[in-house]
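Chain nomenclature is as follows: A, B and C, assigned in order of appearance, with residue numbering initiated at 1 for each chain independently.
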């Protein structure tokens, strides 16, 4: 810290606070089923924006924004199926009125390690996420523990910090009320929610396993690399591909 | 919003950390059910104080104090009287922490300090646990018996406003939003709620809070997650702001 | 107890203190990922004190006592754990932390922090299944500045609840049997065996105590054994007005 001036230190503190705020808002948008707003609010327009999940990645503006749009479409489908299942409670309401019915996807973010580049142009952050993911699947409403990591590269744009590369990968994805150390017991499928089995997210740009979900036979698996102090992005690693 | 001087920016950076500490102190005092400690130290004594939960909103320091300290202590004392009959080892111990350990952890914080440096606002997601080992309840004949220990899982959201009074940061408004409540570790909120509402004889939901203190603004203000309702946005994240006013507050001011 | 002294700081001093606090939080958070990675030896070398004087008084506490000195800490935290871990297949230990409360000394040389962890420890049973345990509790840390870097000096991980995933916590026995309690068994026989936190009574013992503002270090505020507050031991020693 001794190499930074008073003003630089102040800017760097404000930067890390802004990055925490950004990720907090991102998590709130997920809770509120506002996925359709996420790309415009939080993502960079860099050509190589990247969103990585356990089993694949979206690369590029069209692919990443397309994923969030698909979430929005799925939310609409879920709400419609819930309306059909519960005509007494939800019948007669418009698509807009019922939008958001069903899911409640909590992704709390803890244990942040944030490094802002000395040149102030980029930053890196790693969070642990102990998620409780309530959604509607072909078995109907169901909650899963989703425990994993948000590992993010940020880039400073004219209107503030933006997400450049985001890796959101889980260790645990287990039905709440069951042990992740035992054989999963899927809930029985229900015909009224069968249409969700037909729903498809867009194909990944890169289809590969980035992180294997925990099983009792999984080899020990490190967390994503911890951000390290760096001067400029070329000097450090990327959370992209 | 005007551009801050370097001095003001540093003041606000310090303020942001201080309100994080106020918030965390609340969490640890609440974990011991030390309501007296919390409200005597951390809170503004202003008539603008408020504390809201599903049951509604208490307004003014006096109402908040009596609802959050007096009513809460009463539950603790009643619990101790029951405990003493079946767990004599509680003799000589403060009844308050023996009621339960209610830990609302603080993560996913979005914090903004006003440009004028006189207030700060924060929203939080609070994955929490509420547990107690020694528990006792009277049966229908009034005979007290030992009950199972418990650990509830309670995930909430908080919207908090703070003010700077004589250089010290104090709580002004707290709005608690219970979202997920269940038991460790056999609850599946979505599936359980779906089963409950499709049951021909649906049972009651677990209550999201203890008690029903006197309030000024009646509830319900924020109810736990229901598969039949869109998520509520009761405590939207704070945006950068100039000063605490009705456009930037978790409790509208009454004038 | 060191009295709270209200110092005043220049803008430059204040932003350096603010930065220090952020660095301290980052250090505690880094440890979360070191634990996940099973980098315990690296944790001791990267994140803990290196000055021999601090190493001699470094401590690692849990509900059943303290290991004191880096050699003793290493014996438990690295060597014993490595033997328990084996090849690491099927093991997953995750202790994320939250609710940080950090107090930086007025003189800027030490700091104290308290966090809460809702974590889990999962170990293979050897039959294709694993035992997955939720573990919740406070994590209290003393920090000291060595040169430009903050280092961990004393830690207390005070367990509140242990519950097997997918089972009913309320069906477990009320009382803690330290002979079988998985946290106590894992901790082994520390340098100073003692009950530091008796979770039977929730947070009645208030240990580890949340940090309060202080000006300069004194051993009586330490999260090491030298700072263990006598009055929390048992209520007979409470004194006038004690326990309330």
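Assume a contact is a pair of C-beta atoms (placed from the backbone, for glycine too) under 8 Å apart; a residue touches a chain by one contact, two chains touch by 3 or more.
Since this is a predicted model, take the numbers as computed values, not measurements.
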Which chain's C-alpha centroid is most distant from that of chain A?
-> C
Contact-richer chain pair [B-C vs A-C] | B-C
Just give me the whole-number Å value for how far the CA centre of chain A lies from that of chain B.
-> 27
Centre-to-centre distance between chain C and chain B (centres being mean Cα positions), rounded to whole Å | 26
Taking each chain's centre as its mean C-alpha position, how far apart are chain A and chain C in Å?
-> 30
Sites on chain B at which at least two other chains make contact | 6, 10, 13, 105, 107, 127, 185-186
Contacts with two or more other chains occur in chain C at residues 11, 15, 18, 22, 98, 118, 164-167
Can you list the residues of chain A that touch 2 or more other chains?
-> 6, 10, 13, 110, 130, 177
Touching chain B in the complex: which residues of chain C?
-> 11, 14-15, 17-18, 21-22, 98-103, 114, 116, 118, 134, 136, 160-161, 163-172, 174-175, 199-204, 206, 210, 235-236, 238, 243-244
Which positions of chain B touch chain C when the two form their complex?
-> 6-7, 10-11, 13-14, 17, 20-21, 24-25, 27-29, 31-32, 90-94, 97-101, 103, 105-107, 127, 129, 131-134, 146, 148-151, 183-186
Note: in the complex, chain A contacts chain C through residues 1-2, 6, 9-10, 12-13, 16, 110-114, 126, 128, 130, 147, 171, 174, 177-183, 214-223, 226
Which of the residues in chain C come into contact with chain A in the complex?
-> 11-12, 15-16, 18-20, 22-23, 26, 29-30, 32-33, 36-38, 87-92, 94, 96-98, 118, 120, 122, 124-125, 128-132, 148, 164-167
Contact footprint of chain A on chain B as seen in their complex | 6, 9-10, 13, 16, 105, 107-112, 123, 125-127, 155, 157, 179-180, 185-191, 193-194, 197, 225, 227-231, 233, 236-237
